[in-house]
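Each of the next two complexes has subunit A plus one other chain: subunit B in the first, subunit C in the second.
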Partner chain A sequence: MTFRERLQAWRYNLVPDHLVGEILTKRWTDNAIPFLALVATLGVFGSIIPGFFKLNSLQESTRQLGEFSLVVIGMTVVMLGGGIDLSVGSIFALSCFSAVYVFFILEQSIWLALAAAWATGLIFGAINGYLVGYLRLRAFLTTLVTFIFGRALFDILVSTYAADVQLSQASSDVLDFIGDGTFWGLSVSVWLAVILAIVTHIALTRSRPGWHVLAVGGSRRSAHNAGIRVRRTVFMTYVFSGFCSSIGGFLIACRLSGAGPGTGLNLEIMALTAAVVGGVSLGGGRGSVVKGLMGAIIVLTMTNGLIRLGYGTGTNQMVLGILLAVAVTIDIRWLKNRHKVLNEVYVAPVYLKMGETQSAAPGSGTPYELDNRLSAADHIGLGELEGPEDVILDRDDHLYCGTRHGEIVRFFAPDYKRSEVFAHIGGFPLGLAFDRQGNLISCVGAMGLYSVSPDREVKRLSAETSRSWTSIVDDARLRDPNDCDIAPDGRIYFTDSTKRYDAHDWALDSIENRATGRLLVYDPKDGSTKTLLDGYRYTNGVCMAHDGKSLFFAESWACRVHRYWLEGPKAGTAECVIRDMPGYPDNINRASDGNYWMAWLGMRTPSFDLSLRHPDMRKRMTRRLPQDEWLFPNINTGGVVKFNETGGIVETLGDLSGAAHPMVTSMREHKGYLFVGGILNNRIGRYKISGADPNWTSPASYWGAKA
Partner chain B sequence: MILDPILDVFRGKAVTIPPLDGAFRPNTRLDDAPAFAELPEPDNLLTAEGRLLVSSGNAVLAVAAGSEPAVVETFQSPVTALALSPTGELTVGLENGKLLIAGKEVSLPAELRCITALAYAGDGTLWLANGSAQHLPSQWAADLMKKGASGSLWRCEPGGIGFQRIAGDVAFPYGLHPIGNDVLVSESWRHQLVRFDGASGNRSTVLTHLPGYPARLSPAGDGGAWLTLFAPRNRLIEFVLQETHYRQDMIDQVPPAYWIAPALASNRSFLEPLQCGSIRTMGIHKPWSPSRSYGLVVKLDRTLQPQFSLHSRANGTRHGICSVAERDGRLFVASKGGDCVLALDAITGGF
Partner chain C sequence: MNAIGWPNWRRLNQEGIVFAIAVLLFAAAALGLPGFLTADNLVAIVRSVSVLGILALGMALVIIGRGIDLSAVAIMAMSVAWYLQLLNTGTSDGLAFAYVLAGVLAIGLLNGFLVAYADVPAIFVTLATGSFVFGYVRSQLITQDAVPVPQGHWVELLGGVRFLDIPVEVFVFAGLAFLVFLFLRYTKWGRFIYFAGDNPVAARNIGIPVRPMLVLRYALSAVVALIAGLLTAASLHSINTRVVNSTLLYDIVLVAVIGGIGLSGGRGGVRNVLVGAALIGILLNAMTIIDIPLLYQNLIKAAILLGAIIVDGIINPRDEQTAQQGDI
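Presenting the complex of A and B:
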């Protein structure tokens, strides 16, 4: 092995590249960018401004933050519902004025002032909501109009009543407490913001109206089709936003004991920036209250920090603008390209040097030598069937197979010309086995382990095992249950081929070659599923040995067959019995002469074996080429291999013409015939085995002669 | 994506090839045609004195309708190029680097060891394409996979003293078509047709971005030309050409027949590489799937622009076409990968 190859082996087998892709599949990665921005902002301003984190300074900042957060929560909800609310600043200012007017000029109680603020906010919110939600005007223009109108109204009112407010003698302890006091060290505005944030968060994530908002924002039409009252939902988001702004306005009225021309100025820009910077999507449907709050902290820290560093309003606005532009770009580009990034980084190949193999070429004289015998097989269901991965026969000689449409099809003996859908399960039924009671047990790709009773009742037996401690993606779920067999005590041993890919992407797993295949056992007594073995390269076929004391299972991408001991001195351990085959093994089943049949789904090629030693090349291949162009194992040629109890190869059958049985994934011996299935084939083959016991059947071999 | 140019530095560009469109739109005309004659690996076609000559292995044979191919002459090494002088002398290039004119060996400069094409101009000038300075004609795949560009173009004037080198650094010249004083050359590894000036040797590209590896050129009855492409371009192969270490290991450790490289015929052994799209599914081998071999003949008009084409697609068998010959309105096509010679009537088309 050259130094370069050794380096490659270390680099690709020890560095866990696959974790990057697995982390990216998580929804919470959307929060990572705003969170990092938050940490960076706090870090930068905290370090360059002395006393930034001092209690006094924080208290004043947080009061402001509380008011601002309230507005941002409202904005976030509107944006989640697919809209935008530019009028939050003017609603905030008008609510502030209402409160001030009622309290200082009319000299009414503070509670009436609060009610006035609320009423102002709700009325303006309702106007927005009515225009946008029910009349379906453009959110941007409509709220722009409300914004201009509200601002103008506020300016007129403030200039008219400013002097009266100054002269007012009204005062209240409650007002002072709300404006200046603290409760458990935190100001009222912060408490209010926290409470509202928690309530809104729970409402959005755990309640029907909240889900409706997200659904409408995600896709208006789908929400409508699903029966959600889209217009009312949109209306309510604006009303809620007006309500939030009005609380903010009331709080600032208490804090400043008045209203000035600067109240709520540019607040809509700040709130919008905060929501977008926090990661609330402009398109609607994606985001959360927490994201909005993160954005609020970032924006407020930046603007306050810049002011304290001595920069003027112009710089401040400029920074906000740049921040908004960057956030919008990231938001849109990330949303659009996230799945592409995921596609590019998900496949993380590892290094593997396959062992030297014996040739399977015709004329090579090895036991693996392929011939053309299988091309002589009769065909069953030609053109009707799609994807019979496994085939099985019952005691009455009827033939069963799964199809890629999620069905189990039954062909009737004796000529197998007539067929019916025996049961519909869904997924992709793969491995099949009959238990003692005659239930048909099936490993269903992408779903789990299922049982179909003789009267066609479908029952799920298992869809998960226990999760391993170090997994990032949930590996408790069975992604690719592949083949099963049943021990004499009724326990079902089955394989889950990979944790990394779903069943239909099984071929991607061969490119990656990461060892994540498992052998599991389902116990019908208590319904539990346990992982017995982990870390094989695509575990596939399972077959109980004739004596029922051990089982064979195939490890496809490593071209090996292992024996797992159920009892005896080696119970619970596995040993490799066949290694370095020239083909990739699939299902294994019993033969009438005490040996075992094994299907080869494809053949090793020198070019693919070499590529396994060049993981960097495979990684680039998956990035630069579309999937149709990728290099694959040669699965256009398969075969059937017979091996004995000790792993010795007895004989090999093939279809070198590739016309009838190019890829073989299963075979089942029954009364002197071999029934051959293929996951990508459109037929089942029936091949007469010379010299086979014409009375031997698999159900009798497993469960004894008919009772 | 706007960041692509930046990211490309780290991850590399997507590998793309020209689409089969316009004049190259696929059809099945080569697979529809009946076999005119069946013989192993017919390479070079030539019409001479009313006969159709074809090279196959060490022999030159005459083929005619309704009879078995008859051996005209056999040589000590495989025939790699054929041409007929205006005076009717059969000119033959051999794998061992020898050139015979009317049975007499002609002395060649030592560097001429890979004769891939021969053609006489109207005035009797003999043009010779030397495919590679390092490899023999049969080792063309190695020359491609080692990114060879050491081919050269030679000329011998009528009654002249010998061969003169006109141009070097040609990436596997594989076809010649004299036009007046100039010559049109198919430069295989660069997927293009280049016109060399007969006097100065200056080159100008005529047709670039061909969807396959161009092989021999032959004159068409209407004044245009026939171009054969012996193998298709394939994105996996182009990708492997960018992969230095994998390619080097493949050349060193994998038998050439099983390389990820263009081929004259494919799907003959389970040891050959397979691409995802070529997987046989539900009994179907998709004709548009990526393939290492293909059958493609292109008609060029008088201005040497592609006019129409004849195809044998990925699921066909008439692959690896290295030479065609037109006679009396019939087009004879030698499919080296399909072991047969085809005859097509009514060879018209357009797009």
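Presenting the complex of A and C:
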């Protein structure tokens, strides 16, 4: 290994580049920026303001925070629904005034004051909702105007009644408690904000109206097409915002025992900034109550902190302006570019030096030497089939295969001219196997392990295994279940080729070449799925050995076959039995003479082998070139290899014409014939094997002669 | 046109309606309000709407291109306040003006850049920059709310300039209106603004430099705001930064929208600004003569603006095909 290659190997195999992409796929990264901002804000202001974390000071700021959070929760819900509510400040102020008016001037009970505040908020919210929801006006300008309107009204009312409120004798213990008291160490406003936040969160994430709000915000037209009443949903978000603001207004009425010209001033830009800083997206659909609350804490800490630090008039507006501009810009850029960044950084190739291999060229004289025998195969279902990855035959000689349409097709014996859809599963059925009861077990690409009973009942056996502790990407989900086989005790051994890509992105996995393939086992007794082996480069075909005490599995991108022991002294361990083949192995199946058939889905090329030693080049390639110019494994030539119990190569079959079976992903021997399938092929081949046992069948080999 | 010769009611657009209302209101005020139809009062009306109209011209440029500039009033007041503060603390006039002009252009360019190249909705960008400009200048650059014009400075003298007994800002308004008219009607970029406002994606596809034009519009709007600020300072001999928190900004939007410049962009022109300014000028003047308190005037203006926006929403419904994500 040259020094350059050693450096490359260190750089690309030891630095975990792939984690960046995996982290970016997580929804919680949306929360990361606001959360860090929150920690930073609290840290900075907590350290420069003496006594910031003292109980007294916290008590006072949390009281204000409770009121503010209520308003922000309302704003968040409106924004999630795709709108915006700038009138929250006015609703807040008017509700405050209503409560004050009812309590101090009409001298009614505090509960009536609360009802008045609610009524004010709901009516104001309903007006906004009607204008924006039903008349479909622009939310921003409309609520801006209702904000001015409400503010003007409030200024008139306050200037008219301020003196009367001052002179009022009304008082109430309840009011004092709400305004000044604490309950278990926390003020009433904080309790109310927490309760409302929890209720709203549950409603948004777990209830039909909440889902409707998110759906409308995410895509108005799709929501309409899905039958959601878009206008009513939008209307309700504004009513809810009005409701939230009215509670805030009532609380401040209790706290200040009055309403002044400063009540609710600048609240709209503060609430808007809080929601956006917290990460609630403009335009709707993305965000949560928690994000809104994080933003509320950030904004309130900053503005209050600056006041306590003694900065002059206008500082708040300056800080809010900067915060809002930065947060909105980040939000927009993030939403627009997240998937681009993800596409750029997700593929993180590793270094691999493939071993020297024997030639497969015709006339080379090696056991791998390809010939032209498969081109003589008869064809079944030519032009009707698309993508028979695996083929299998039952005891009645009927032929089954999966198709890319998510179906399992059955061809009828003896001539295989007639066919029917045996079952529809979905996904892309790949590996097939019959169990003792005659159920057809299939690994369905992108879905999981499925079973189809003889009377065509489709049942899911497994779609997940246990989650490993260190993996960032969700490795519990089966992304690319590929092939399966069944042990004599009924356990189903199957492979999941990669953790990082979905089944149709197999080419990207080959370019990345990271070892994330697994061997798993499904136990029908308790329905559990366990991971047996991990860290192979695209695990593929699985085949039980003839004695049922071990199994063979293929590791495609490393061109190796391993043997995994189920019993005996080496139980639970794997050993490599064939290495450095000239082709990429796919499915493995039993042969009648005690050997094994193995399909080659493609052949190694010197150019791709070289590129595996240049991960930097492959990284650049995936970023800068269009997909159809990428270098990836050659799948235009394949073949069928027979190997024996110890991994020795017996013979190799090929199709040099490239017309019938250029790539082979599976083959199944049945009564002297070899049935050949290919995932990109449009037919199944039937090849007469000279000298094969004309009575040998796979079901009999596994489960004995027919009962 | 129809053959019979009936008046074609479909051609009666918002501009016509508003103009008719303005005329009716004018006639009613002239008949009903004593002291309305005097030369002094008419000059006062025109004068009072001049600054508003100038700001509305800048706003019109932006709105026609499917944007909005909520930072106009902050730029107007704070730039001039800073200018006067610099003068009062002894900075030379040329240097101070250069600073202020550079600052104003910087904010205009920032607005334009964020809208055009960062794809942030104009409404948020300008809300944020408006808040920032006010906050920064108020807290860092000036010491009190109102800044007086230094004795004998040209801004003070400007306020006293009269021509045919008409104050200078009326001529500035007229001149600017004419310039904007020429720009919108006879220059290539002026015509392009309509295309860009009507359908930005289509405009970009046919090769119009949509983004640089956006930046230009916000820069123009900022400079127009500076001019308006200087005229305000000239007539009042000081600038009060509290105007930023007043309803002046909404009056500007009101003038543009009520004159018939659709908020969805691509429609309207200088004539609409003039009609809108006329109506608002007469209205404000009439309300002042009737002696409606300022607080109630705000309420009335807000109600009118609300009505105008509802009518605008019905006449110029949002085009769902060209509406952008986050275009709220």
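Methods note: the second predicted complex is superposed on the first by the 706 of 707 C-alpha atoms of A that agree within 3 Å, B and C clash if a C-alpha of one lies under 4 Å from a C-alpha of the other, contacts with A are read in each partner's own complex, and residues count from 1 in each chain.
By definition in this document, a contact is a pair of C-beta atoms (placed from the backbone, for glycine too) under 8 Å apart; a residue touches a chain by one contact, two chains touch by 3 or more.
No experiment lies behind these values; they were computed from the predicted model shown.
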Query raised in the report: Which holds for A:Pro606: it touches subunit B only (first), subunit C only (second), both, or neither?
Result: first
Report task. Please indicate which partner A:Arg333 is in contact with in the superposed arrangement: first for subunit B, second for subunit C, both, or neither. Result -> both
Query raised in the report: Now for A:Leu680: first (subunit B), second (subunit C), both, or neither, which partner does it touch?
Result: first
Query raised in the report: With the two structures laid over each other on chain A, which partner does A:Ile269 touch: subunit B (first), subunit C (second), both, or neither?
Result: second
Query raised in the report: Does the superposition put A:Ile148 against subunit B (first), subunit C (second), both, or neither?
Result: second
Query raised in the report: Looking at the overlay, does A:Gly321 come into contact with subunit B only (first), subunit C only (second), both, or neither?
Result: second
Query raised in the report: Is A:Met621 contacted by the first partner subunit B, the second partner subunit C, both or neither?
Result: first
Requested in this report: Mind working out whether A:Ala423 is in touch with subunit B, subunit C, both or neither, as first, second, both or neither?
Outcome: neither
Query raised in the report: For subunit A, which residues belong to both interfaces, subunit B and subunit C?
Result: 333
Report summary line: Within the complex, subunit A is touched by subunit B residues 1-3, 11-15, 234-236, 239, 243, 245-246, 249-250, 253-255, 258-260, 267, 269-283, 289-290
Report summary line: Residue positions on subunit A within touch of subunit B in the complex are 4, 333, 337, 340, 344, 360-361, 370, 386-387, 507, 603, 605-608, 610-611, 613-614, 617, 620-621, 623-637, 656, 658-659, 662-663, 680-683
**Report entry** Residue numbers on subunit C that touch subunit A, as the complex places them
**Finding:** 68, 114, 118-121, 123-125, 127-140, 145, 247, 250, 253, 263, 295-296, 298-299, 301-303, 305-306, 309-310, 313-314, 317-318, 320, 325-328
**Report entry** subunit A to subunit C touching residues, read off their complex
**Finding:** 82-84, 131, 135-142, 144-146, 148-149, 151-153, 155-156, 159, 221, 269, 272, 276, 281-283, 311-322, 324-325, 328-329, 332-333, 335-336
